[in-house]
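To start, the structure under review is shown below, and the notes come after it.
Each chain gets a letter, A, B, C and D, in the order it is written, and its residues are counted from 1.
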Amino acid sequence: MFYREAGQFKTSYIQDQRLFSIVQDRWFIAAFTLFAFVVVPIFASDYWLQAILIPFLVYAVAAIGLNLLTGYCGQLSLGTGGFMAVGAYSSYKMTTAFPDLNIILIFLISGLFAAAVGIVFGLPSLRIKGFYLAVATLASQFFLIWLFNRVEWFYNYSPSGTIFAPPRTVFGVMVTGPASTPEVRYLVSLTFVAVLAVVAKNLVRGNLGRTWMAIRDMDVAAEVIGIRPLRTKLSAFAISSYFCGVSGSMLLFLWLGSVETIVFDINVSFLVLFMIIVGGLGSILGSLIGAAFITMLPIILTNIPGLLNIPLNVELAKHIELMIFGGIIILFLIVEPLGLARLWQIGKEKLRIWPFPH
Amino acid sequence: MKVLAAIFIDPFVEMVQFPVFFAEVITGGIIVGLMYALVALGFVLIFKASGVFNFAQGVMVLFAALTLAGLMDNGVPIWLAFILTIGAMILLAFAIERMVLRPLINQPEIILFMATIGLTFFLQGFGEMIWGGNIRKLDIGIPQRPFEVGGMLLNQFDLVAASTAAILVLVLALLFTKTPIGRALRAVADDHQAALSVGISLKYIWVIVWSVAGIVALIAGIMWGSRSGVQFSLSLVALKALPVLILGGLTSMPGAIVGGLIIGVGEKLAEVYWGPLLGGGIEAWFAYVVAVIFLLFRPQGLFGERIIERV
Amino acid sequence: MTEISTAENTQPEARQLGGVLLKVDDISVSFGEVRALIGVSFDIREREILSIIGPNGAGKTTMLNLLNGVYSPDSGTIVFKGETRQRMRPHESASLGIARTFQNVALFRGMSTLDNIMTGRNLKMSHNIFTQGLYWGPARRQEIEQRAFVEQIIDFLEIEAIRRVPVGRLPYGLQKRVELGRALAAEPTLLLLDEPMAGMNTEEKEDMCRFIFDLNEEFGTTVALIEHDMGVVMDISDRVVVLDYGRKIADGSPDEVRASQAVIDAYLGVSHDET
Amino acid sequence: MSGGQNIAISGDTIPELLIERGKAQPHRSAIREKDFGIWQSWTWEQVCAEVRAFACGLSEMGLARGDKVAILGDNRPRLYWAMAAVQSMGGVPVPVYQDAIADEVSYVLSHAEIRFAVLENQEQVDKVLSVRENSPALEGLIYTDPRGMRNYKMPFLHGFEDVVERGRKHDAAQANFFDGEVAKGKGSDLAIILYTSGTTGRPKGVMLSYDNIVITARNANRVENVREDEEVLAYLPMAWVGDHIFSYAQALIAGFTVSCPESSDTLMLDLRELGPTFFFAPPRVFENILTTVVVRMEDASALKRWMFTYFMEVARRSGTNILEGKPVPLGDRLLYAMGKVLVYGPLRNTLGFTRLRRAYTAGEAIGPETFNFYRSLGINLKQLYGQTEASVYVTIQPDNEVKLETVGKAAPDCEIKIADNGEVLYRSPGVFLGYYQNDDATAETKTADGWVHTGDAGVIDEDGHLKIIDRAKDVGRLANGTLFAPKYLENKLKFLPAIREAVAFGDGSDYATAMINIDIDAVGNWAERQGISYTNYIDLADHDKVYELVAGGIRDINANLAKDPNLAGSAIRRFLILHKELDADDGELTRTRKVRRGFIAERYGTLVDALYSNATSVTVEAAVVFEDGRKGKVKADLKIRNVDGPVVAEPLRKAG
């Protein structure tokens, strides 16, 4: 309805292949970005930032990462939590070892560690597929968590086994540690999400992304046209883990401030998996939507009884929440396996050809 | 040098020096292994017949145990509680077939897999909502008395558990090979279309399989439950059953047993003899790593059917 | 088809076939008890269109799978461009310049026509993650270049209209065409087509024939294809190899093959879909 | 200067203008072609270079001044360049309809003594090769698309690029040759020969001079305020004068960009992408688009359909007025504004008309619904009246003076007069030189003092708008001398939804009458709503209510006619509804579904007589060909109905 595409013709492939080729879309994105960067930090309460927006952003990065691996390359992984842990712990080690190193830089490097680990645990994908692989990734999950639990070196021998985000500044602004304001941490997280999302989008629309999807859709045919299965899968594992790693660092430094290994246990892996199922497998946008949905859900669920002032003891609420979670996942798989992103896409198409139905 | 010795020499020396203890460790491993096998069996059943990798098997174990324990705590006589629980599991099977499997028929198996993960959450929430989240004791009167054989301590309970597992496997094996249902199940497993064409209702098959899996889960639940109480952690046992499963091969019942034993024993040995070196607690991942390394050399598992790519 | 329509007013040069491009030497392969191919030998010559025919289960597809490394022979050798090899991975054969299509279309269903064919260019593209992630510099440039090349294939196969359509939604005939496009994108020296016209109506078959002719003409691509429609085979082939129960029973020009007693027997022996 | 920001360029011939344009705006895009998925563009500078090179190449091949060069193919940049190149060398391009069959092509080739032919692709090459021997003058063929040409080894076949190459060398050798040749051209020179597919006999080659084309185009650009930022889709045949003026001459003079679609079957998509600002199409195209809109809306959700119909109603009420800046009640303005967001805007977008500043239609009478539909959407759709012989423009509807039934006012510098027999004559700078090698034809069409017979009968209404009423030869007079234009009446009748076909009589009689074919679908629906049951066409056609319906329509038409003093007399007094649908298989219609009045008049003589008696019914027995080809007879009693129109005695008496 709002689209006016007549006359938006392309005279070069550059125009034709740009990220948002429709003018109206570009306006929308611009407006939205402005809103997210300017309006939100001004008006959002600390609760909103700390309890909803920042977690959302942190998980969004992980979700994008997992979607690259599972949604685009078709390799189901249950090891997300482990890779996030690698990011968190490696950045913790780095920043405590080199306090002067720019924290942003550390985030980016921590991703590399996760990527390396990802490659190691991706190796089995050469030989094993599907469920077997999924289980293999569980191995990484358990092993890594165990590792960070047992090897005191990782948490600098602190008796509690907890790691803390030390105060660090960027351009004189305090971005981590107890003294940092939620606004700042929100903005940093948002920047990471924005940049990484674009990077991911570029990857999947480029040659690499196509080879991933080729492997996903029909690996035999893919190999026949010259795609090297191992290299392709490993690249997916590496990049996916990179995203998860950065997400892990963000979780420690920009959200919680202090974590123990329990934070990264198997349930995180499931949580992120749910995000991409609900959001949409094989869609970057979907990863974001899914992350938003799953982070909001519990908050909504816990608030509903309050709003309807139905007395509900905490434990019961917890159980119901679990049920609803599971229910929603099954529902989505049945109703719209391609997730919310698909619904969004359909809606957009309808607007483009409005008033015609198809 | 010291380290290498600690890894490659000392443990074995130890084993030889204290054979009885070693034997105890082994038997302990076997028992645990059989318990794993019990859980793994549920997976295999469902996977064989419906091609679904039922991640929820573990929670079914918890659910079954919870129901049984819950009923008994409310004064229901054991035999009735047992029957009621079985009924509940069959009901559950129906519900799952109707609400999850049927709508998702012909979907890629990975989707079904994810659905069972959703199911896991749902069942856990459901079970705990009804019976509460706190730990329950489950005592169905299996004697726990320890006794000694050839100098090593054994527990009657363990023997019971072991034999139950063994019997169960035997029964299932018969069910699958001898009865018409079993043959039908296998037909479905091999080729849905074929199965349908010979007039076997998929729906019917699935309900049966999931019911049987439910009952298996109940048994496993009883075993684990009476051992270490009924609580959420029970469903984690399932996670441990996964490596057993891929080790044995997703489609092989003997595989599940053997896999269970290997994992059980291996894990115990590793924990006892090598664990200390690594700061202990290695059974958290040992099973997985073993399984993965093994898979690298035999992707289809011990007894799994070979996957051949058709072009 | 092209040739016919212009026959009366042109002097089409006699098709001169080059030297041997690929040599199959005494190949045998079996799966378990099944002996799929037994001591088969023949060669494919540069710039020719070679048809491999035979009753169902004669081992035709298996032969293609051997040629591009999906299977490896139990015994015998394959010499391609002068180099002998026992076994190799499909992606290696792809980088050597062998492309193929499949009997039952093997497209990447999640992708559009354009992306499918673009994927066919993967060997021509770099894998630098950083430039791709930023969609900047070389990465962007190569995307543009390859797009331009792919568009020529789209133009060649006359599928402009379905450029953006997810291949899953396309009718069978068009899917086959897209798959051919994906194979062509690799600029192969040897193109293996597994029943390119199966399940097509007459018109689609004519189109497909035209494309096979044209690509053989324009790009000088050598084509080895499996086909059941004898009319087509006799029409477009320079030479024909006939397999029956894993053995080669004839090999030669369409006319020679048509005359061969062995072939006649083989085809009388089987009573089904041929021609 | 029109459009303000336009850069005016001077020059008498197309080549001069092209060079000027190239100098004036070297880097502005001149032409585009949807190819390989994007709109490949060429700047004026590049176009000049291509034309220059190709021109030199042609003369290398021996093209001499005055030589005729055929251009055959879809709208393609290279073919347009070829035209310009030929003109630069003093040659005469002769575009041929790309879908013409071999012997039509053959006729043009030989009649115009073509020496060279520039052909789009293998298909066209094959076509020409098949008839080559009939035209001895033909020396060289040039093809622009090498696809499939590999095996064509004839010496007289050349690829476009090769010719360009040769041209470049030649140009490098003697740099000022090209400009020299261009300089030789004069405004009065023959610029192009356009063959008009005459309704009867062989096509005639209309010779147009540079003056004809350039001056006409300049005028058109001025009055229609055509600017250099226009976008035009060149999709109508290059051999048709319209395309030559709109997307060749006017484009060059105004300096706007012309775009060629990818292929005929992607036309609508390309149209949507391009979003032209300047669009010409014959009525049927507009009608087809409207039909698809209706069809596509049918399977929309109920809510959407309601919204659509509601706002289209709003548009029908006030859209046109708003477009023409007439006063409209505030309420409607608001509704219309809302509709713009919800319906009109999106609809124009999906049709590709978002940026449309003006759209033209001509050639046939356009139906009221269609015409009003577009105008009510805020699309400035206008009718014009033109001919190849006039370099298109004879009359055009000025903005805000658009009337459905007229074709507008005289184009600039164009004089119009109506001959006594009602035929329209015009004289304008665009008037053609003559028919190529057909002086007789020229003589009978064009008077010594430059007036051209259009062959159409028309009248000029009070505010000076020309109204075309029929072919001149078909126009007759009633006994009392008032003008009688059957086609005009028939069109008016046909535009009634209830009527499918109509045949009007009256020449030499006291009053006009008509035979009607009802539209079985439209009337059928209406009948169901009225609760009228019927079994088949005859049954329905015979129904009194149906007669009533038709009579009502005719009454309105008569009222409408009464407004026009020239036509008031020809009100329809009596009519009957035919017992069978007129059918091409029975020879009652031409294959293009035009009624063959004469044939019908004699076949149904009895009916005609009855119409002019005062019988109230007549028995008819007509031969029909059934579906299965069997011939048979149908017998029926047909009612004849009088229509009591408004009394229009006055003009009758005057005329008498």
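Operating definition for what follows: a residue touches a chain if its C-beta (ideal position, glycine included) is under 8 Å from a C-beta of that chain, and two chains touch if they have at least 3 such contacts.
It should be emphasised that the depicted structure is a prediction, and the values quoted were computed from it without experimental measurement.
Touch-path distance (fewest steps) from subunit B to subunit D is 2. Chain pairs C-D and A-D differ in how many C-beta pairs they share in contact, with the greater number at A-D.
Computed from the mean C-alpha positions, the centre of subunit B lies at a distance of 49 Å from the centre of subunit C. Each chain gets a centre from the mean of its Cα atoms; for subunit A and subunit D, those two points are 59 Å apart.
Here the CA centre of subunit A is 42 Å from the CA centre of subunit C.
With touch defined as above, residues shared between interfaces to two or more other chains in subunit A number as follows: 13, 16, 220. Counting partners per residue, subunit B has 309, 311 as the residues that reach two or more other chains.
Counting partner chains per residue, subunit D has residues 37 touching two or more of them.
Residues 74, 76, 123-124, 127-132, 134-136, 138-139, 142-143, 145-146, 149-151, 220, 266, 270, 273-274, 277, 315-316, 318-330, 333-334, 337 of subunit A are the ones touching subunit B in the complex. On the subunit C side of its complex with subunit D, the touching residues are 2-3, 5-6, 9-13, 147-148, 151-152, 154-156, 160-161, 163, 214, 217-218. Of all residues in subunit A, those touching subunit D in their complex are 1, 3-13, 15-16, 353-358. The part of subunit A that touches subunit C in the complex is made up of residues 13-14, 16-17, 19, 199, 202-203, 205-208, 210-211, 213-214, 216-218, 220-229, 231, 235, 239, 282.
The touching residues of subunit B, counted against subunit A in their complex, run 53, 99-100, 103-104, 107, 109-111, 113-115, 117-126, 128-129, 132-133, 239, 242-243, 245-246, 250, 278-282, 284-285, 288-289, 291-292, 295-296, 299, 301, 307, 309, 311.
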